[in-house]
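Some structures are shown below for you to check.
Shared chain: subunit A. Partners: subunit B in the first complex, subunit C in the second.
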Partner chain A sequence: MTGGKSDVFWINHLLRRAGFGVTPRELKRYVALGYDGTVNELLNPENVDNMQLEESIKQQDFDYTAINDLKRWWIYRMAFTRCPLEEKMTLFWHGHFATSDRKVNNAYAMYGQNMLFRKHALGNFHEILYNASKDPAMILWLDNQQNRKGKPNENYAREIMELFTLGIGNYSEQDIKEAARAFTGWQTLPSGFFFNQRQHDYGAKTVLGVSGNLNGDDVVAILVKQKETSKFLATKLIKYFAFDDPDPAMVSRIADVYMTSKYNMRKVVRAILTDPAFLSERAFHAKIKSPAELVIGSLKTLQIRKLDGDLPMTMARMGQDLLMPPNVKGWDGGTAWIATDTMMERFNFANRVTTTKFSEMSKFSSAQEIVDNQGLTSAGKLVDYFLDLLVDADVPASTRAKLVSYVSSDLSGKPVSNIPDEKTLDAKLRGLVHLIMTLPTYQLA
Partner chain B sequence: MSISRRTFLQGLGLMSVYLSAPEALLLSAKAAEYAPRTAGKSKILVLVQMSGGNDGLNTVVPYNNGAYYQLRPTLAIEPDKVLPLDREIGLNPNMIGLHELFKNGKVAVVQGVGYPNPSRSHFRSIEIWQTAQPDKIVETGWLGRYLDCADCTKNGNIFAAVNVEPTLPKTLQSNKIMVPSVSNVFDFKFRTDPRYLQDRETQVRAFEDIYGTFQSKRPNAELLRNAGLEANKASDYLQKIVREYQSEIKYPDGSFGNGLKFISQMISGGVDSRIFTVNLDGFDTHTNQANGQNKLLKQFSEGVAAFYKDLERNNLQDDVVLFGFSEFGRRVVENNGRGTDHGTAAPVYVIGSKVKGGVYGEHPSMTALDDGDLKYKMDFRCVYATLLDRWMGADSREILGQRYEYIPFV
Partner chain C sequence: MTGRSCSSMLRLHVLLFTFLGCSSLALLPSVAGPAMVEEAASGQNIFSCSEDSNVVPSFTEERGGEGRARKMLLGNQRDDIPDFKQLKMLPSLTMVQRRELKAALESTRAQMQVLLTKMKQLRPKSEGARSAGRPGGIVDPQVRAQILQLRTQIQALRTKSWEEIKPKLTQGQLIELAAMRKGELQPATFNEPMTGGGRQ
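Up next is the complex of A and B:
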């Protein structure tokens, strides 16, 4: 492939972006499919047998009316699905149509919305926007329940233009006022969407230059076909999958696919994942892992199968509280993931993994066995093995040297030529993995 | 001259090539000395961001204005309920603590604060307030630029400012330094395996060694390296402060009250910061406004009152000014859901023992509206300029790009 790097290298890269990392076993399967074969499989989740996930979810007995269960359910899906891109796009739509249970206060409605995003994960944007606009959680979240004839509530009209389609600066305050009238009477009942005709304003309206007796469907149709929408979505998706600073040429390429495919997200995402820029040095380790990517990825790489109940809280402290995004703009992502305390949280998650979860690495149960099974006969080999596994060996030589000297010392820090006993080996192995997981490059996707 | 974050950091990175590891470590901040604050050491600014767009009209109520009662048939607050500031305006009845402070001359209310061509987008408008730049998008915040000018990082002080929220507001985005964010001090500690306590020191030293010299061409590696180094340096020190500086003053429950309490602990414990930021979120009251806003204003008022009392207890009240603001006020006429939509100008609050209390500026007309919204009377940058020059002793022209008129509240 590109830059002299192997297929394995780019498939790892692909799965960090289009999924949540891979287990060694999954990686083997994807490598057999090759890069293009893997992209095809990821883009067509309906062709993948995911029954094992659905069966094991049934056994977990999640309560879909309790928000904490719902968070755990979603994390479980991210960790064990065979359709990782489907979950990754579900997370994208959740961040795009960012709805928080803090206000909706109805976990089952949040579940419904989440299932909607999953169903349309790689679907048509017109349909996605149309369904999101009628989604009960969304109607509660952006106050459309109170948007009535004669007394419009502008919240939904503003955000659908500013955050869901056009982006700021591409509409007028008048467009918002008129669009709000078009969405009057779009309400929710316990049974679902309800069009309240008596509260709908049937008068003439003009939105983005289109006049008529417009309703919400019309506004959705007007918005999806705007050039600004194509650029807005293309930019956001490139940032989500490839890098934080997309160039105008690439945005145009991807936006064109959106327009010519009539808003087909499968084609748009395919275009990004197969773009030469995605498979370039510029994209490699160019993004900061989101908390979801960091947490799920760590579990997968280290083959930890038992998920702790407080993972949602851990991710929240890292800055990503699933189903409770900070506001309707969703998570900013990129460098916004990083602050001193979210960084500390990442370090301490690494520590928790290596102290309490590490023994679950499936193939071995003791440090000695890991070392023996992998034929790690020296400190250098041990360090290289884990640097390769965890950070694609993307560290400066000075870091490798310091890790080697950490491993080649006893518990008091004195250099030794042989690890004195199994207890020391266990401490050093756990400490080594902890240290690698705190590296700057481990935070990169 | 300002240097970009990237070139600055690259400069640091390149330097470390020529240094051996122990020397390179000196580049990072020195462990802070632990000593309680002595009164009068410096002037401190505490920023309270009231996120979501606080409805100014139901916070500082024009209770003598007929139009207010006409346009707010269900939301208007009765004249006999408000806590009067003067003959025209009074505080929301839930702000008893703040009203007490006002009566003691410690609160300045500046009316009708805003900026030209107001944005009704939460995200753009808060960015305008945070960067003090309504005309274009810039990467640094107004207090970040203050930090750049003030050179607060000399002598290895990593606490030029502290944000007590999970994410750093753009207000503190600086070219030269990364301001630490510490939302939960109890989790803010570098942990290692409790079974191998003996190995802890070796491991922490390896971490610091690696971070001290880590070089990579990946675009975010330097940012991560700095965040990691600072996190580690700050944690021991802050743990100690919080242990030593307990307070008997009762703060309101929730992250806002906890944040103010933590700030007070840091100030009295001697953390050498001149700026602290905290957030109170939830003011986006499109529906059933009264219930939500009243609770938030109560939290605001009780939190501020407790914070002031706490400072007084340590005789530090003269050192601190607190400034409360929101990204915009709300539409004058209420909507159909007993709420209000996004609006424009609103009052801001400046609180402190050294503040000249009172009502400043003119209330915007309730009838001569701009497309249903209040017309601003005072540019928010006048407030910033006053705080920067007359409180912080800075040069606001360097930070805001031009001179702005002062408001005599300090």
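Up next is the complex of A and C:
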């Protein structure tokens, strides 16, 4: 592995990016597989027994026709799946084909779309785009229901080029007009996709230089094989998994995999996760955690199994309202996750989750027993333990010193050589974990 | 973005909110410490509670986050009455049934609208209490009583509509609806392999 770091170190890094963090149990299993073995398992979810998740979900009484239950269902999947990359890619496609229930106003259609993204999470992009184009929620979201012969609605044609495949500047207005005609009559009924022949424009069209009696299927096929599409998707996926400013050489490497594999996303994602740049100092702690990564990652590290029903709202206040992305472009990600109000929400969450966990733990052990069991006999050891656990010890010495100083003081802030009582130790433990969870590094994946 | 540039922006926010006042944070990666290695070997960390680890994870009993509006309307209760707009998604719903459904909802629409408007007017009062950080959200018992009364009326209206709609659905459709709510009905998505389309 790169940089003299251990397998454990890079597996943790991998699981933060290709998943949502890791519990110690999961980490043990992945470490036994090694880095390459872990990548293989992540990329082949169909070979992983995930029945426990499905069984647990059946016991939850989710109502799939209620959007807030649907959000909770997805959070539950992200937190407890044994196929984290499958969920991570489902989230990627949800952001890519950003569809919001605010307009669709139909939770079950959103559920259908989500299942579609999961089914094709690491599939062939041609199939993903083909199915997404005929997905009822998408048809409602981008107004293709109103795209009729003689009165074309250009919304879907525009977004499929600008946001789903080519990227802005790689097509003309005429291409959009012609593609819109190709998608006329693509409608939805309660039973699913419906091709309304009477509303379809069967005339000749030209899209990106290809002429003929083109329909939507043809436009999809034309778009997926464009070089611009390969670069657009490669850039977006590198940004999603590795870092926010990919260099052209890496984009080119990944785009080549897209083209040579005939749009196989499993191969594309594998290429990113095994690229030397992904396993480099440059990628380590180089991305700001999305709210999903922050929330689910915290649940995993703290091993919280009783989830707050308000989690979807918490994530929404952090800027990521699942199944309700802000617009057709989805979430901007990167630095856009950080603002005064969203940071406050992150800190509030840290406080809430720490309080919940320690209150839960206190039913089993006293604070003294908790630290004794780990052999944490000094303030320095206590601080180092939690820094390692929560932020890979990635803090400067001055921060560590301040945390040690915090632990080495009583509740009034007066320095002490020994923590005087159980109550103070309990408060210091909670406070320490909360403080680390509010450090800049904790916000980084 | 590199860790270093992320850090400089995050630092500003952290300075605002933590009393640590972490200045000049440089995010240079460090070698994995002992905790991570121990965690990997043992499958446990300080947060592991063996008594708890085999419990099926779940959401808390009180289902928060229902959405402010819905929660205000219905409280934490969950009933057997479906979301009426989902009825329209039943694949087997006929045009006649569609019209009947619409008529049934129309008959209570005006009354419902009045109740919803009243509820909306009460919302700022409860939101104000919430943002002031008062536990329970609503301080004024009168406002609380008004909300509870409105909830009862809204629920009664929903029940009335459902009683009118339910007999118009076939037994098969009711089963279909139940399956939909449990996520067991094949979603109406186009989830098929490519067949002839997408000529390359």
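Convention: the second predicted complex is superposed on the first by the 436 of 445 C-alpha atoms of A that agree within 3 Å, B and C clash if a C-alpha of one lies under 4 Å from a C-alpha of the other, contacts with A are read in each partner's own complex, and residues count from 1 in each chain.
We take it that contacts are C-beta pairs under 8 Å (C-beta built on N, C-alpha and C of every residue); 3 or more make two chains touch, one makes a residue touch a chain.
No experiment lies behind these values; they were computed from the predicted model shown.
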item: Which of subunit B and subunit C A:Thr260 touches, first, second, both or neither; value: neither
item: Larger contact residue set on subunit A - subunit B or subunit C; value: C
item: Which of subunit B and subunit C A:Ile168 touches, first, second, both or neither; value: first
item: Contacts of A:Ser398 with subunit B and subunit C, given as first, second, both or neither; value: both
item: Partner chain(s) touched by A:Arg148 [first = subunit B, second = subunit C, both, neither]; value: first
item: Touched partner set for A:Ser378, first subunit B, second subunit C, both or neither; value: neither
item: Subunit B versus subunit C as contact partner of A:Asn40, first or second or both or neither; value: neither
item: Touched partner set for A:Thr355, first subunit B, second subunit C, both or neither; value: first
item: Which of subunit B and subunit C A:Leu116 touches, first, second, both or neither; value: second
item: Touched partner set for A:Ser409, first subunit B, second subunit C, both or neither; value: first
item: Shared subunit A surface residues [contacts with subunit B and with subunit C]; value: 243-244, 285-288, 335, 338, 340, 343-344, 347, 394-396, 398-399, 402-403, 406, 435, 438-441, 443-444
item: Subunit B contact footprint on subunit A (complex, rising order); value: 142-143, 145-148, 150-155, 158, 162, 168, 173, 176, 243-244, 285-288, 317, 319, 326-329, 332, 335-336, 338-345, 347-348, 351-352, 354-355, 394-396, 398-399, 402-403, 405-406, 409, 411-413, 427-428, 430-431, 434-435, 438-441, 443-444
item: Footprint of subunit C on subunit A - complex, ascending; value: 3-6, 8-9, 11-12, 24-25, 27-29, 31, 56, 59-60, 62-68, 71-73, 76, 79-80, 105-109, 111-113, 115-116, 119, 126-127, 130-131, 134-137, 188-193, 215-218, 220-221, 225, 243-245, 281-282, 284-288, 301-303, 305-314, 334-335, 338, 340, 343-344, 347, 357, 360-361, 364-365, 370, 373-374, 384-389, 392-396, 398-399, 402-403, 406, 435, 438-441, 443-444
item: Complex contact set, residues of subunit B against subunit A; value: 21, 51-52, 119-124, 163, 166-168, 178, 180-184, 187-196, 198-199, 201-203, 205-207, 209-211, 213-216, 218-221, 223-225, 227-228, 230-232, 234-235, 286-287, 335-337, 339, 341-342, 371
item: Residues on subunit C engaged by subunit A in the complex (per definition of touch); value: 1-3, 6-7, 9-11, 13-14, 16-18, 20-37, 39-49, 51-53, 55-60, 62-67, 70, 78, 82-83, 85-86, 88-91, 93, 180-183, 185, 187-194, 197-200
